[in-house]
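In what comes next, subunit A is part of two complexes: it sits with subunit B in the first one and with subunit C in the second one.
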Partner chain A sequence: MTRASRGSAVVMTLYLLFLLVPIYWLLNMSLKTNAEITGAFSLYPLNPTLANYRTILTDPSWYMGYVNSLIYVVMNTALSLAVALPAAYAFSRYRFLGDKHLFFWLLTNRMAPPAVFALPFFQLYSAVGLFDTHIAVALAHCLFNVPLAVWILEGFMSGVPREIDETAYIDGYSFPRFFVRIFMPLIASGIGVAAFFCFMFSWVELLLSRTLTSVNAKPIAATMTRTVSASGLDWGVLAAAGVLTILPGALVIWFVRNYIAKGFALGRV
Partner chain B sequence: MMDKPVNNRAWFLVLPVLIVVAFSAVIPLMTVVNYSVQDTFGNNQFFWNGLGWFQEVLESDRIHAALGRQLLFSAIILAIEIPLGIFIALNMPKRGFWASLVLVLMALPLLIPWNVVGTIWQVFGRVDIGLLGHTLAAMGFDYNYVNDPVDAWATIIVMDVWHWTSLVALLCYAGLQSIPDAYYQAARIDQASRWGVFRYIELPKMGGVLLIAVLLRFMDSFMIYTEPFVVTGGGPGNATTFLSIDLVKMAIGQFDLGPAAAFSLIYFLVILLISWVFYTVMTAQRETP
Partner chain C sequence: MTLELRGVSKEVAGQAWTHPTDLVLAPGSMNVLLGPTLSGKTTLMRLMAGLDQPTAGRILWQGRDVTGQRVQDRGVAMVYQQFINYPSMTVYDNIASPLRLQRVARAEIDRRVRETAAMMRLTPFLDRRPLELSGGQQQRTALARALVKGAGLVLLDEPLANLDYKLREELRAEIPRIFEASGAIFVYATTEPEEALLLGGNTATLWEGRVTQFGPTPQVYRAPQDAVTARVFSDPPMNFKPVVVTGGEAALDDARWPVDVPDGPYTAGFRAAHLTLDQTPRAIPLAARLDATEITGAETYLHLLHGQDRWVGLVPGVRRLAQGPLTVWLDPAHVYLFDQCGRLARAAPYARAA
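For the complex of A and B:
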């Protein structure tokens, strides 16, 4: 090992420690009983217990939070991709009246502070009778996920040579058949990355999903805040719930690891 | 970019997006505009209030203070996360299993729900049960993020650095990966110093992604809400009440529709202006690669 690479290893080890220790602490707490958490201070659980996880996985008011979150996240991802795919194709392949303005306008929605939209969303969805439904949250999250998906997909689509489209049309493919049978497989990784980012940003958002739900579609994140304020002291269960919210992201990230940067750069690396 | 055929029928492909985004962005925004120019005595009776609310918001000391805190916060975040992110990116392993593992571990904080991020640090910083708070207290520091504004700020800044530095690092890493080996070989032949390689090869090549990183971090830190809300709830006092926290307090807590709407529009215009800079820079960079 050269001196430089040893230095790099030290830097990376320190940085990863900084990232992982707080997460470890959450995991540590989730495996302790409340008595142990508040009683003795220890760096690892002395009597590891899964009781906190059992509480969450057997109590509907807890685990339904996960189900609700997953429902609206999946709905949002499907909806975002369905509308974003044709639009991204239009932006990547054609010039049309107002295309640049439209593309910019989409971006402004990604940049819009959710706090600005919280109240009007609440009133809009109450007015149309969608308050406290999964579709309301799924639609609200389209505010930032549709622009994101369009931008990411456009980035990937622009990497596919246009000759492929032209050849397919000459071979007699209709547009829908070409799009589904030839084009979508070509940008499969792009679709995967866009789906991942829609999933992720819908999963981590709390302000809108909390404002738009009360009981039936309450997301897990909001269930957690309620527990903090109400009982105030159930640290073990809180920690276990937190750990369970980290899992979905941690599981899927391996598949998109090489595209994370491209996704965060809105398809522009 | 220039040789794309003109085809106005492409509008049909964009139509679904327009409908969805109109429902989730334009209609709510119209409601905001509507409230911003009206006042109410309750019972859904509204009357015209002109630009009164805008004037009130623009002259409000409380909002000026929140804006000041917000700008200071974003400035500190950029000053720490950008150099640190570049430094981390330069030290990341270039290929192989370790590179993949490091990438995944680094991305982990980015995928945690924002209120859980808040919860993690709220617990981590507690003197009685948190590792950080406990360690600081054991070392003799008088650390308490609930009562001490400086500690509250420090906690929130460290939390944000923890949460988002990896984003900057990942973007810079992607930029570094695109530098051909030939550049480094040429630098070695010229006997360039490590600083020279960084200054004249790596930094210019990272320029594009770095810009995206700066703008994304600025925007997202400018509208931060959930994490500080969970950790400090905007306190102690108003010490960590940033723009979004203040706005939500006004709109949903006190239901001050008029001022909150005016505030929203001004907030949104600022964001719009920054987005425009972002967009111009990004597209310009793409057309001249």
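For the complex of A and C:
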């Protein structure tokens, strides 16, 4: 090994350690008792315990947070894709009056902070009786996930030559059949990447999901921020909840890791 | 099975892409659309396929008006210049897909797919996906998919343009054979006059969205109706020179030769291969300036200046010539005369004899 490559290996290792420290510390805390966390400083759990995880997985007020989050996240991902697929197809294949402006306007929806929309959504959903339901959060998250999915999918779709569409029609494919049988397999990685981003943004979004729910659809992120009890903070349980919150994202990233770079390029290679 | 275009025209954003066109393609005929890029070959073909709707005019298939009919119901087949297949399906499924949509029986599908694949020499690759094949094999897959369904009208839009020249020659030799076997009307778009001549059949020459002439290929080549057609159907392009006819004789440089047209100004046109460097019987000398030569191996291209006009000559053999004054020879039997409007006034005598 040359001096230069050893040097870069050292830098890389330090960098990775630096990145992983907070995650390690979270894991470390989740395996400790509250007494150990607030007491002595230790780099690893002296008395490893799974009690924190047991609390979360047995107490409905905890695990229902995950269930609620997963429900609205999955609903939102499905909704966003169902809306974005035809929209992206239209943007990629047809020229119509104001198409470029509309495409840009979609994106501008992502430029406003969610706090702007929290109040109107809260009032509207309360008025129509959607408050504290999963669909309410799923719909609210569509506000920023649909534009993103359209943007990603449009890039992938424009990479497919229009002649494939026409050849399919000439062969006798009807539009729906062509779309499902021929077109969707061609942009499968794009759909995967779009689904991943929808999942991720919906999973980490806190403000809207907390504002629009109270009990029945309360997300895990809200549960985690409301655990200051009379006896003080339950550090260990909170850390365990944090670890469990990272898991779904990590799993999804694992599955789409090969397409992610392409997704950031939005298919515009 | 006849395809008829009646006054078909296409306008896009106020611009005429296809001027009103009348065309009748006879049953079982090979028809070549010949023209440079942007001359409207693809536009015309898309109208024939039903992918685009004409702005005006009707399209008749077997005497039935099919204008505005869905492309799915037209029962045509089309092959593009790009190799268009369904990348997620195997070659077998690609070829089978039009038949499956027609709800043909499974055994029948299998028989026809294997038959077509054998004809296109694809049998060893049936289990592969198109992107794992060479360009020539991909295009053969596309051709197989177009042929398998037995469409009455097969449209080929510059199908060989993206292939390297060896594959192009190989596949071009096969196309007449495939055409014979299918019995369908073939429409073949190309930019190369040579390709039109090799394919035979009929040729329609296109220029700026207009069909300038349509007829049997050799006839269009030998007796172009106007200067535009002659230019489109010559590679290298036809050489032109204004001449004046007085007393039944045309004059070019110092030479005169008898012609059977009324007196007046004309444009003489002749093909590159008819210029020679050596004197032949009856040939007239022309004083030109040699600008550059291009040697292709067995032939030499001469880029000449004659007064204000640029000419191209094509002579056999490798000729190394210095830039500067050069006398070239031209047999008046190879000279076409076009009138002031560009219409053919006098075909070259050699072509009339042929």
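Note that in this section the second predicted complex is superposed on the first by the 251 of 269 C-alpha atoms of A that agree within 3 Å, B and C clash if a C-alpha of one lies under 4 Å from a C-alpha of the other, contacts with A are read in each partner's own complex, and residues count from 1 in each chain.
Following the convention adopted for this analysis, contacts are C-beta pairs under 8 Å (C-beta built on N, C-alpha and C of every residue); 3 or more make two chains touch, one makes a residue touch a chain.
In this text the structure is predicted, and so the values were computed from the model without any measurement.
J.: Based on the shared subunit A superposition, would you classify subunit B and subunit C as clashing or fitting together?
T.: By the criteria stated at the top, subunit C and subunit B fit after superposition, with no clash.
J.: On subunit A, which partner's contacts cover more residues, subunit B's or subunit C's?
T.: B
J.: By the touch definition at the top of the document, which applies to A:Tyr173: first (subunit B), second (subunit C), both, or neither?
T.: second
J.: Under the stated touch criterion, which partner chain does A:Ile182 make contact with: subunit B (first), subunit C (second), both, or neither?
T.: In the superposed model, A:Ile182 contacts subunit C only, not subunit B.
J.: Tell me the contact category for A:Phe117 with respect to subunit B and subunit C: first, second, both or neither.
T.: first
J.: Touching A:Ile164 in the superposition: subunit B (first), subunit C (second), both, neither?
T.: second
J.: Which holds for A:Leu206: it touches subunit B only (first), subunit C only (second), both, or neither?
T.: A:Leu206 sits against subunit B, while subunit C stays out of touch.
J.: When the two structures are overlaid on chain A, which partner does A:Phe156 contact: first (subunit B), second (subunit C), both, or neither?
T.: After superposition on chain A, A:Phe156 lies in contact with neither partner.
J.: What angle, rounded to a multiple of 10°, is defined by the Cα centres of subunit B, subunit A and subunit C, with the middle one as vertex?
T.: Given the fit on chain A C-alpha atoms, the answer is 90 degrees.
J.: After the superposition, what is the least C-alpha distance between subunit B and subunit C in whole angstrom?
T.: Minimum over all C-alpha pairs: 9 Å.
J.: Please report the subunit A residues shared by its interface with subunit B and its interface with subunit C.
T.: none
J.: What part of subunit A is in contact with subunit C in the complex they form?
T.: 161, 163-164, 166-174, 182, 185-186
J.: Contact residues on subunit C for subunit A in the complex?
T.: 49, 51, 71-72, 74, 76-78, 80, 82, 84, 86-88, 97-98, 101-102, 142, 145, 149
J.: Looking at the complex, which residues from subunit B come into contact with subunit A?
T.: Its residues touching subunit A are 4-11, 13-14, 16-21, 23-25, 27-29, 31-32, 87-88, 90-93, 100, 102-116, 119-121, 123-124, 128-132, 134, 162, 166-167, 170-171, 173-175, 178, 194, 208-209, 212, 216, 219, 222-223, 225-226, 230, 243-245, 247-248, 251-252, 257, 260, 264, 267-268, 271-272, 274-276, 278-279, 282-283, 286.
J.: Help me check something: in the complex, which residues belonging to subunit A touch subunit B?
T.: 4, 7-8, 11-12, 15-16, 18-23, 25-26, 29, 37-38, 41, 43, 79, 82-84, 86-87, 89-91, 93-97, 99-100, 102-104, 106-109, 111-124, 139-140, 142-143, 146-147, 150, 200, 203-207, 211, 220-221, 224-225, 228, 235, 238-239, 242, 245-246, 249-250, 253-254, 257-258, 260-262, 264-266, 268-269
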